[in-house]
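Both complexes below contain chain A, partnered by chain B and then by chain C.
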Partner chain A sequence: MPEIFIDNIRYEFEGKPKVLQFMLDQGLDHPFFCYHPSLSIPANCRQCYVEAGTPVMNRETNDWELDENGERVIRYFPKLMTSCSLEATDGMVIKTHRTSELVKRGHKDVLEFILMNHPLDCPICDQAGECPLQIQTYKYGPEGSRFEHKKVHKPKRIKLGPRVILDAERCINCTRCVRFTDEISKTHQLTIISRGDKNYPAVAPGTEFDDPYSLNTVDICPVGALTSADFRFKARVWEMNQTPSIDITNGKGCNTDVWVRNNLVLRITPRYNPDVNDHWMPDIGREDYRRMNENRISRPDLKLDGNKIKSSWSNAEMTFAETISNAKPEEFLVLGSAFSSLEDNFTLQKFFKSRGIENISFVTNIQKGSGDGFLMDDDQYPNTNGCRMLGFEELSPATFKKKVSGGKYKVIISLEDDLLGREVIDTTDLNSAFFVYFGSNNNKTSEAADLVIPISNSVETPSTYINVDGRCQRTVPAKETIYTNRKLNLEMSVGRLDRYGTKFDNWVSDRNRVDCIPGWEFLERVALLDNSNFGYETSEDIIHEIAHTNSNFSGVSYEAMDEQLGVQLKVTKETKEKTA
Partner chain B sequence: MNTDWKNFEPVLIPNIKDLYKIDVYEKNGGYEQLKKVFKDKKHTPESLVNEVKAANIRGRGGAGFNAGLKWSFMPKPDGGPRYIAANGDESEPGTFKDRVIFERNPHLFIEGSILAGFAMDITAVYVYIRGEYRDQINMMQKAIDDAYAKGYLGKNILKSGFDLEMYVHSGAGAYICGEESSLMESLEGKRGYPRVKPPFPAQKGLWGRPTTINNIETLANVPLVVKNGADWYTSIGAKTHPGPVLYGISGHVNRPGVYEYPTGMLITDLINDVCKGVRGGKKVKAVIPGGSSTPPLRGDSLDGVRMDADSLRTAGSMMGTAGMIVMDEDTDIVDVIWRISHFYHHESCGQCTPCRDGTGFLEKTLIKIKDGEGEMRDLDILLDLCTQMEGRTICALADAAAWPVRYAVERFREDFEKRVKKTVYAVA
Partner chain C sequence: MSQKYEFTKEELAEIEKIKAKYPDKKPPVMPVLWLAQNKFGHVEPEVQHLVAKTLDLPPAHVYGVVTFYTQYYGERKGKYVLDVCTTLTCQVCGGYEILHHLEEKLGIKAGETTEDGLFSIQSVECLGACGYAPMMQITNGVYCNHLTKEKVDKIIDDLRAGKLPEYENMPFYQHGDPEPSKS
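Moving on, here comes the complex of A and B:
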């Protein structure tokens, strides 16, 4: 196997990796700005210098030439090489800043140049705290500045598009954003204009940066030049907790990180998953944070003589139990939801199965032609495949309307799915029935419901979703509800303040906590009333049971999903046909 | 070494009236070599490449690389298009030689391009001319149109079955587009950013196809080699750097202009005999031998320095484009270097950090010194900045910007020291 020596340590490599990527893969720290593993390599920031040499091959013996000590003769490249564009070859010798003064000096020199015209407004810059320039300046930068002249001034606060704002002075011209629009989103909306130290990215005159993936440029910007119009000035990075999650605005199920402060989600960023979304996610998924914070249902709602009143949990449980015991099995319409998690859907199925109701259906939300073949799919709901695999009856909105409008059902129970909001049915269809709705946000459907059970959403309880390609992925709780506590829930991520704060910091906030429980827990509590409960204590128990009772889900567990960034399930022929 | 330069008959721009007209050119033996190659089968493509390689035509664009060797890097034809990009961007201050070819002898260049195209099985030649040469672009276009009309270009040239197209492309006034890879980007309609090498243009050039980039003057030398043979060519001028060359001499000389002489001329001969001495009989203070990016030489170190790559390297400079700038003893070197630095600051494309910001830092420091605000340590900063820039970028523009400053500070330090404040810092 070919070998490479980095700082006198021998590594083996396969294929033709670039030296920088190889070093990063080995966990070696090395500074860089313009390089991004998913974009082309321009080698323009010149930050990732290494000294590189190749052993001299003796053409006659076809072996390495050796010096008098028996060591290989190494021929070094005359200049410092950018490791991002340098391909590893057999026997190559690399010296980084750890062993070479020249490389150390090179890193310092380039940082001096980059910082020369950089405004150094870290105290008011949104990027501070997660800024590669800031981090690498502390690690590799010069001690002070020799630049005693006027900095170059460029436009600030330019609204490039509806979601992205540019501060050209902070820009270091790494061209990551330009390459993103050229190579990934393929809208070619950004370019660098002007020349030399006056250049900065811009859009063509008369156009705006309305790329549906535009906010990814904010993520990959190595400085604070591109900022999100929505998130800027809202929070410092170190005040938030970063928790892995899944985007549920779309069937693709992009992997995300949610950033939480005071139990409010402040932003959503993509998380790397090579099998689903790489480093990217659509802008529309990032706006989903509002749904997680705003307009939440807190405590159960009960309709009494046409008026909504807040009810207690025990009252809601009793009402629910009474309702289902008063109706015959054929008078039930039980709806799972492709919007809800696998845990909730499965518990719903199990709950009603034990009460003699086998047939559970769900209503699809597939908008033909809305997908783009990249990270936005026609399927608007995250768990359509999950419902199919559980064996739910798949109903198109039209067939469902026909089914429900006859008025033959006395009790309709639905997991979170805004059927009225997306105009599948209207209130007249529900008049004759007692409508129980499990939901986390107020909407038209919850307005129309007779009993509303507030349930935790995907960032408050572990929720599993199966995306359009059959990838089973789960979220991790990120914000507290009244019944959960980040100090007790070991799954919740630990932020900087958790780690370094004192008890006087008073960072644990009671604010913005919603009075809701996971859907499965409510069903478990109702079942407990007649001692037919399932014994679920955590959502992990449910996934464990699914994996061991349903062959579609074999191999699924939270552990596996966390370790392998989701578990790939086989999408059966049947489900595939239905998707097509 | 051929020292008999005084009897040298110009061959690139011979003294013939109206040579730019195709009829006159043909009457004086023009396009004869083309006929010899295509009709009389004087050369196969391989033998033509070998002939040019043996002639050792060193690229006239600055780098001085053997043109035939460059041609031999082209991969074997695979049926797809292959290109020549002829570099007439010529935007280095002090260089104005290609312009004379466009004006006086464009057909020699066209003939050379066709021969080069034949040698490398080229589909199309792009003649990239700097946008400021508005008249020259029109003249070149006229010459190409004439050649098309006579059947020297286009389909089935001289019934040989060989096709070649030739296009003129005008630059938009960027110095960086004279660098070969950014010239290609510019030709493709993109922003003129130099490309990372490898891949080299011979593998992946214009539109990802094999491409050779040659200077206009280099290609104009090809018909001469084909006509007289490699031995004749190597007998002209310096041994390691043979051939006739166009010296573009400007500055404080009595008769500035473009002169065709063999390589290896003594710089003193060029100044004193060819250009009839320095204006007002003054002494030479500095000479920049090959365009503004080459290191300046001191006037008192010119004895025996010849205009060829080896001699100039020994003297501490470069041949470049042979665009020589002569400065007399009244010249203020600080002002000169500031102006050169300003040019590179303005022309840096902004792709690589060391050049983008380094050129600005250099210029701002030089302005400080020029305005009398400089301190001694600024000179050290200048030298330090040059170290930070040299060889650290994708193309050679950072070197081009740093060398004049570095060698000016090293060779004319007293001029700089005169301009800076005599501040003495107390050491505690």
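Moving on, here comes the complex of A and C:
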């Protein structure tokens, strides 16, 4: 196997890796700015310098040439090489800053050049704390600047598009954003204009950066030049905690991180998953943080004589139990939801199966033609495949409307799905029935419901979703409800503010916690009233049971999903046909 | 957007010829921008969009090219564009003095155009005439070499009278040689 020597340590490699990527894969730290594993390699920042040499081949003996000590003779490249664009070859010798003073000096001098016109506004810059330039200057940079002249001034606060704002002075012209629009989103909207020390990225005059993936450029910007119009100046990075999650605004199920401060989700960023979304996610998924924070249902709502009142949990449980015991099985319409998690859907199915109701249906939300074949799918709901695999009856909005109108159902029970908001049905369809709605946000459907059960959303309880390609992925709780506690639930991440703040500090808030429980927990509690409960204590118990009782889900567990970035399930022929 | 500006059939045929010279889509952008600038006198954003549409390229790319080269006029300029070189050699030999003299004389700053629309001044990078520093170029054409304030004054007066300076024959000579006679 070909070998490469990095800082006098031998490594073996396969294929034709680039030296920088190979070093990063080995866990060796090396500075770089313009390189990105998913983009082309322009080698324009010059930060990833190494000393590189190849052994000299004796053409006669066809063997390495040796010196008097029996060591291989190494012929070094005359100048420092950019490791990002340097392909590893057999026997190559690499010296990094760890062993070479020259490379150390090179890194320092390149940084001095990059910083020459870079403003010193880290204290007010959004990128501070997660800024490669800041980190690498700290690690490899010069201690001071020798530049005594006025820095070049460029435009600030340019609104490139509806979601992205540019501060041209901070830009180091790595062209990651330009390459992103050229190679990944293929809208070609950005370019670098002008030249020399005056250049910065821009859109063509008369156009705007309205790329549906535009916010990815903010993520890959190695400095604070591109910032999100929505998130800028909202929080310092170190005040938030970061939790892995799944984007549920779309059937694709992009892997995300949610960033939480004081129990408010402040931003959503993509998380690397080579099998689903690589490093990217659509802008629309990042808007979803509002749904997680705002307009939440807290405490159960009950309709009494047409007036909504807040009810206690025990009252809600009793009302629910009474309602279902007063109706005959054929008078029930039980709706799962492709918007809700596998846990909730499965418990709903199990709950009603034990009460003689086998048929559970769900209403699809597939907008034909709205997908782009990349990270936005026609399917607007994250768990359509999950519902199919559980064996729910799939109803198109039109068939459902036909089914529900006519008033033959006395009791309608629905997991979170804004049927009225997306105009599948209207209030007249529900008039004759007692409508129970499990939801986490106030909407038209919750307004029309007779009993509203507030349930935890995907960032408050572990939720599993199966995306359009059959990948089973789960979220991790990031946001506390009034019944959960970050410091007691070891799965939740604890940030600096959570750890050291107290609710008596004026920068920590104990508010923003919603009075809600997971949907499955409510059903478990109702079942407990007549001692027919299932014994679920955590959502993990449910997934364990699904995996062991339904062959569609064999191999699924939280550990497997966490370790392998989701579990790939077989999409059965049935489900595939239906999707097509 | 490109309603106001159109290429004629003959020009489009010319563009097809230019395109045939190159294997890729991107290279023709420069000659086609020249063609457009010669026709319209500038390559304002609307013309850039026309060029982008004609060559089926992203407008952002055309914009990048236009802003990179000072020879393309991304906005309307005066009749005479005075490109004063201020890169190292000219700078050392007094390029900035010439530039500031021009600015004072015409009452405008580099990058601006006089009110009568006759002159624009640009401070540009090296034009490859370091041997004749300081120098300037007039409207992407005539090079005026070995500039002095007096020579600049004369050039401006001539231009006002509608007379472009002639190309100068600049033989190579070294320090110590007798100065070549001014043509």
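Rule of thumb we're sticking to: the second predicted complex is superposed on the first by the 566 of 580 C-alpha atoms of A that agree within 3 Å, B and C clash if a C-alpha of one lies under 4 Å from a C-alpha of the other, contacts with A are read in each partner's own complex, and residues count from 1 in each chain.
What we mean here is this: a contact is a pair of C-beta atoms (placed from the backbone, for glycine too) under 8 Å apart; a residue touches a chain by one contact, two chains touch by 3 or more.
Note that the structure is predicted; figures quoted are calculated from it, not measured.
Asker: Does the chain A-based superposition show chain B and chain C clashing or fitting?
Answerer: By the criteria stated at the top, chain C and chain B clash after superposition.
Asker: With the two complexes superposed on chain A, say which partner A:191 touches: chain B (first), chain C (second), both, or neither.
Answerer: Touch partners of A:191: chain B and chain C.
Asker: Touch test for A:405: chain B only (first), chain C only (second), both, or neither?
Answerer: neither
Asker: Please work out whether A:47 is in contact with chain B alone, chain C alone, both, or neither, and reply first, second, both or neither.
Answerer: Touch status of A:47: first partner only.
Asker: Applying the document's definition of touch, where does A:85 land relative to chain B and chain C: first, second, both, or neither?
Answerer: After superposition on chain A, A:85 lies in contact with chain B alone.
Asker: Contact-wise, after the overlay, does A:205 reach chain B, chain C, both or neither (first, second, both, neither)?
Answerer: In the superposed model, A:205 contacts chain C only, not chain B.
Asker: Is A:549 touching the first partner chain B, the second partner chain C, both, or neither of them?
Answerer: neither
Asker: Could you tell me if A:312 is touching chain B, chain C, both of them or neither one (first, second, both, neither)?
Answerer: The answer is neither, since A:312 touches no partner chain.
Asker: Could you name the one stretch of chain B listed in 332-340, 350-358, 386-394 or 404-412 that collides with chain C in the superposition?
Answerer: 332-340
Asker: Which residues of chain A are in contact with chain B in one complex and with chain C in the other?
Answerer: The answer is residues 191-192, 194-196 of chain A.
Asker: Given the complex with chain C, which residues does chain A contribute to the contact?
Answerer: Those residues of chain A that touch chain C are 188-196, 202-207.
Asker: Residues of chain C touching chain A in their complex?
Answerer: The contact residues of chain C facing chain A are 1, 45-46, 48-49, 52, 58-64, 67-68, 125.
Asker: Which residues of chain B touch chain A in the complex?
Answerer: 174, 191, 193, 196, 345-354, 356-361, 364-365, 368, 381, 387-388, 391-394
Asker: Quick check on the complex: what are the chain A residues that touch chain B?
Answerer: Spelled out, the residues of chain A in touch with chain B are 41-47, 49, 78-80, 85, 106, 109-110, 112-114, 116-117, 146-150, 152, 172-173, 191-192, 194-199.
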